[in-house]
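Per-chain numbering from 1; labels A, B, C and D assigned in written order.
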Amino acid sequence: MNDAPASLLLDPVEALAARIADGAKVALFKDCGVPMALGRALVRRRARDLHLVTVPTGGMLPDLLIGAGCVATVETAGVTLGEFGLAPRFIAAVKTGEVQIRDATCPAIYAGLQAAEKGIPFMPLRGLLGSDVLASRADFKVIDNPFGEDDPIVCLPAIRPDCAIFHAPCADRDGNVYIARQAEMKILAHAARESFVTVERIVDFNLLEDDRLAPATLNALYVSAIAEAPGGAAPLNLPGHYDYDTDAIRAYAKAAATPEGFRVWLAAHVLVQTGAAA
Amino acid sequence: MGSYTSEELLIATIADMLEPARHIAVGVLSPIPGSAALLARARSGNTKKVSIIGSMEEPYRTDGGVDLFDCAAQGRIDAFFLSGGQIDGQANINLTGIGDYPRQDVRWSGAFGSAYLYFLVPRVILFREEHSRRVFVPQVDFISAPGTSAPNVYRPGGPHALVTGLCVFLFERARGRFRLASVHPGHSVEEVRDETGFDFDCPDHVPTTRTPDDATLSLVRERVAPAIASPYPAFARRVWPQAVA
Amino acid sequence: MNDAPASLLLDPVEALAARIADGAKVALFKDCGVPMALGRALVRRRARDLHLVTVPTGGMLPDLLIGAGCVATVETAGVTLGEFGLAPRFIAAVKTGEVQIRDATCPAIYAGLQAAEKGIPFMPLRGLLGSDVLASRADFKVIDNPFGEDDPIVCLPAIRPDCAIFHAPCADRDGNVYIARQAEMKILAHAARESFVTVERIVDFNLLEDDRLAPATLNALYVSAIAEAPGGAAPLNLPGHYDYDTDAIRAYAKAAATPEGFRVWLAAHVLVQTGAAA
Amino acid sequence: MGSYTSEELLIATIADMLEPARHIAVGVLSPIPGSAALLARARSGNTKKVSIIGSMEEPYRTDGGVDLFDCAAQGRIDAFFLSGGQIDGQANINLTGIGDYPRQDVRWSGAFGSAYLYFLVPRVILFREEHSRRVFVPQVDFISAPGTSAPNVYRPGGPHALVTGLCVFLFERARGRFRLASVHPGHSVEEVRDETGFDFDCPDHVPTTRTPDDATLSLVRERVAPAIASPYPAFARRVWPQAVA
C-alpha cells in the first residue's frame, strides 16, 4: 500500500489526543513504550471519564491521568511506580472512591484482551478461584469445565477497548508500526477498535517489505492514526533509544505524594508545554 | 568460613530450595529471589533456565508476560516467588490493601500475577524480609491469592516455603499450615513467635538456618553480583560495593 | 545460555525421527517449512500409528506418511496437494477407513492448540454450529455463552501434541530457532510437549542477542532437539531459500494416484536414500 | 466495447459486488475471486485492502492464519469467497465428500476455514465456475458450512451471492433462498434451470449480466493481470498470455 489515506499521519500529538473521546475505554501498554507525550496531551485537552485498562499493570502514566482528573475507572492488575514506590495519585483516588477500581490479575487482563482479539465472548483462565479479586468482580463467572468433572474454572469477559495507545520506535508512511520485541502490542491493537500510536520517527520504506523487520511490525490495518513524537515515552524508557530519566521520575513520585505537590508538578511539566518536551 | 551479609544468607537459603527446579521465573522488584535464582543456576553449571520478568538481558529476558504466563500453565516453570503486604498462616497473600474494599484504608498496587502463578507453579517461595506482626497476620484483609484450594480446584502449584529476615517456614499443603523449619543465626524461636501474628507448627528442636559456605559465597560475589546488577543496580551496589564497582 | 546440553543438536535427521515414538500425536505445520526430510526419515524408521494434527491443513507430508502406513488418525481442516490436485493417499485411506479422520476447521485446529498453549482445557470459537463437522466431532461441545442470553457457542478441547515437527531457516548452538515470519510456529511449539526441528543451517551466534532476529526466534526452552538438514523442506519450498520443485511434486501426485505407483515412488525417493536428499 | 473472456466477465461481475468492502480476503486456489478483489482495489484508488492467504507479496500477505481468522472475528474483513464440491439451495456448502461419512464414496480435502468465515464475514461470495446438477444439488451430502443459521446463532456473516459460469444468484437471507439475478451473455434462464439441481426464485424478467466496459478491461489487463500472476502464474499466463509474458 503506497496509498494509505493521507490523514493517517497526524502531527502533532495533540491531534491524536483529540481523537480519544471522553468516556473512552483506553488500553495502556505497560512495557515500552509508554505513550507519555500522548498522555500529557490528554491532560492538556482535559480528557474526562476515561476507563483505563492497564496492560497488564501501569505506572506513571495512569497515575498522572488519574491525578489530573481524566479517569473514572481503572481496570488493572496493579499500579505502581516500581522502585520509586507506590503510585500516589492512584492510591489516593481509589481510597476516596474518586475512581472506580476493577482489580484483576495480569493474565486476566491479557486473557480478556485475547478474547476480544479472537472475537469470542470470553476466555477461560486458571487461578483466581478463592481469591477476593474474583469475589470483587461480578463480571467474572465461574463455570464447570465442560470437558472435566467437578472442575470449576473462571471465564473472563472479552475486554474490547475503544482504543489502544502506545509509543513505538518507528512507523512507515503506509501506517505500519515497528513494535520491536513487544509482541503483545499486537494483541492490544487487535483487541482495540482503534489504535493511536506515537513514534520516535517515520521511516521512508515499507516496514513489511523488510523480512527482518516484518515479524515485529504491526500491520497498518490495525492503526487509526500516528503522530511523530521524538522522546514520546520520556521520562520512561524506550529500549535501544533512551533510558529511564530516574531524576525526573523520582521528582514526580515526590511531588505527587500530595495533591498540592501534584498540581505544581502538573503546571510545570504538563500544562505549560514547551515544544521539545511535548 | 568467611563472613556474610544477611542478604547473602537469604540468597543462599532460597537457592537451596531451587535445587530441583529446571526453570525458575523471577518477578519484578525481587533482587534477593533473583540473586538466589542466579546462584542456583550457577551451581547447576548454567543448565537451569532463569527468566527475569522485565529483564532486557539474554538469557534472562522473556518473550513478554503472555508468553511467561502461558509457559507456567504449560508446566514449564518450576519455581516462582511471591510476597505480600500481608501474609497469613494459611499462606494467603494480600497485595491489594487493608480495610473495607474497595475504599481501603491502605491501598497497595494490586494482585499482579499472583492469583495465577500461585496456582500453576509447583514450587512458589514466599519471601518477605520484614518479619513483623504487621505483615504476618492471623488472617489477611484481602485474599489477592489464596494459599490453599479445595480439592476439586485445578492447582498443580502452591506455596513451598516462606523465607523472612528471621527464619524459614515450610508450608505443609496437606495440613494447610506453616511449620518452622529453621531460624537464622542470631535469632530465636521466641523472637519468631513474638513477631508472627499467625499460628504455626513448631518442632521441639528448630535448627539454625545453614550459613553459606565459602564456595557459595564465591559464586555469589563473583558470578551472581555482576549479573543481578543489570536488573537491580542499586541493590547490587549496596550489597556488593566492591564486586560491582 | 552458552551452555545448552550438548545433546540438543543431533545429527543426522534419523536421530530426530528415532525420538518420535509410535502412536505419538504429531503436529505438522502447513506453512513453510514443512519438515519433509524428517518425514522421510519417519517412513524409513517405519513409524506406526501416528496421530497427525495438520496445522491447520496439510499436503504432501501427511499424504506421504499416510501412504507409507505410518498413520492411524489424522486430525485436519483439509489435506490437499493444492494446484497439484487432491491428496491421493489421504483420500484412499479415509475412504477405506484405514485412517481415522477427525475433520475440523482451520480456526478450530488453531484454537485447540492455543488452548494447550495457554494451559486451559478448552477454547470457545464462533462458527461450526449447524455443520456436519460439528456433528462428526463428539469431542466438540456446545455450551451457552455464560455472558450472553440464548447464545450457543462451541467449545473445543485443547490439542496437546506429543511433539511438533517443523523445518526452519536456522538455529543457534543454544537451541534457539529462527522462524522468520511464521509466528504460528510459536503456538505450535508452545502447545506441544516437545518440538523437533530441522534447519537449513546452524549459526554461530545467539539469535536472541540480535534485536532484529529475536522477535522471530523461538526460545530454546521449547525445543527438544535440532538436526541440520539442508534442503529439509524440499521438494516443498522455504521462502528466501528455495522454491517449490514443481516437477517433483507433480511426479509425486501422479505416482501416488495408485497404491502401486506410490510404492514405486517410495522405494525410489524415500527408502533408498542418498545422503544429499536426506 | 472490446471483446472479453469468460474469466474477465466473472472477474468484473464479482468486483462489482465488492464495491462496499474495505477489506477483502481471498483464500487459496481462487484466481478469479483474487483477480476480482484486485480489480475492486484498483478501482478504489488502492484504498481497499486485499489479503491473499498464502501470498508472499506485500501488500497482500497476511500475518498468517491465526491473524486472519482473528481479524475476521474482529469485524475487520468485509468480504470473502467460498466454493464447494456441492452447493445447495439453502447455500449450504460441502467441501468434505459424498456418501456416508466418514468412509465416503467421494472424499475431498476438508472444510478449511468455511464453517467460521461463512459465519463472520458479512459478504461471502460463493463462486463455482462449473454450473451443473453434480455441483448444485437439492441438498448437500455433508454440510461443511451451513448457509443459514437459527436466529439465536451469532452470525454477522453469510452468503451474499453465488456466481457461476452461467449466471449470478443473489441469496436472500430472510427467505433462505437464492434468486436468479442475471444470466451471462450467451446463456439462458432455461439453461440455468436445466443445470441447477436446487429450486430458486426467478423473476419474470432476468437481466443479462453486465459486461465489462473498456475501462474495466484496461484495469484488469494492465493492473490485475501482472499482480495476480504472482500467486497464480499458470492462471495469469493462460488468461492473459500477452500481459504477463
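In this section, a residue touches a chain if its C-beta (ideal position, glycine included) is under 8 Å from a C-beta of that chain, and two chains touch if they have at least 3 such contacts.
Predicted model, so just to flag it, every value in this text is computed and none were measured.
Colleague: When B-C is set beside A-B, which has more C-beta pairs in contact?
Modeller: Of B-C and A-B, more C-beta pairs in contact link A-B.
Colleague: With centres defined as the mean C-alpha position, give me the subunit B-subunit D separation in Å.
Modeller: It comes to 59 Å between the two C-alpha centres.
Colleague: Please work out the Cα centroid separation of subunit B and subunit C, and write it as a whole number of Å.
Modeller: 40
Colleague: Express in whole angstrom the distance between the two chain centres, defined as the mean CA positions of subunit A and subunit C.
Modeller: One centre to the other, that is 37 Å.
Colleague: Centre to centre, by mean C-alpha position, how many angstrom separate subunit A and subunit B?
Modeller: The separation of the two C-alpha centroids amounts to 29 Å.
Colleague: Do you know which subunit D residues sit against two or more other chains?
Modeller: Residues 63, 67, 73, 120 of subunit D each touch two or more of the other chains.
Colleague: Where in subunit A do residues touch two or more other chains at once?
Modeller: Expected reply: 118-120, 125-126, 151, 153, 181, 183.
Colleague: Just say which it is for the chain contacts: an open line, a closed ring, a star, complete, or other.
Modeller: other
Colleague: Check the chains against each other and report every pair that touches.
Modeller: A-B, A-C, A-D, B-C, C-D
Colleague: Across the complex, what residues on subunit D touch subunit C?
Modeller: 28-29, 54, 56, 63-67, 69, 73, 95-97, 101-105, 107-120, 142-146, 149-150, 152-154, 234
Colleague: Along subunit A, where are the residues that touch subunit B in the complex?
Modeller: Residues 31, 56-57, 76-80, 82-83, 86-87, 91, 94-97, 100-101, 103-108, 110, 114, 125-134, 136, 150-153, 181-184, 187, 239.
Colleague: Could you please specify the touching residues of subunit C with respect to subunit B in the complex?
Modeller: Residues 1-3, 5, 116-120, 174, 190, 206, 208-209, 219, 221-222 of subunit C touch subunit B in their complex.
Colleague: Can you list the residues on subunit D that touch subunit A in the complex?
Modeller: 23, 45-47, 49, 58-59, 61, 63, 67, 70-76, 120
Colleague: Tell me, which parts of subunit A touch subunit C in their complex?
Modeller: 111, 118-126, 141, 143, 145-148, 151, 153, 155, 157, 180-181, 183, 211-216, 240
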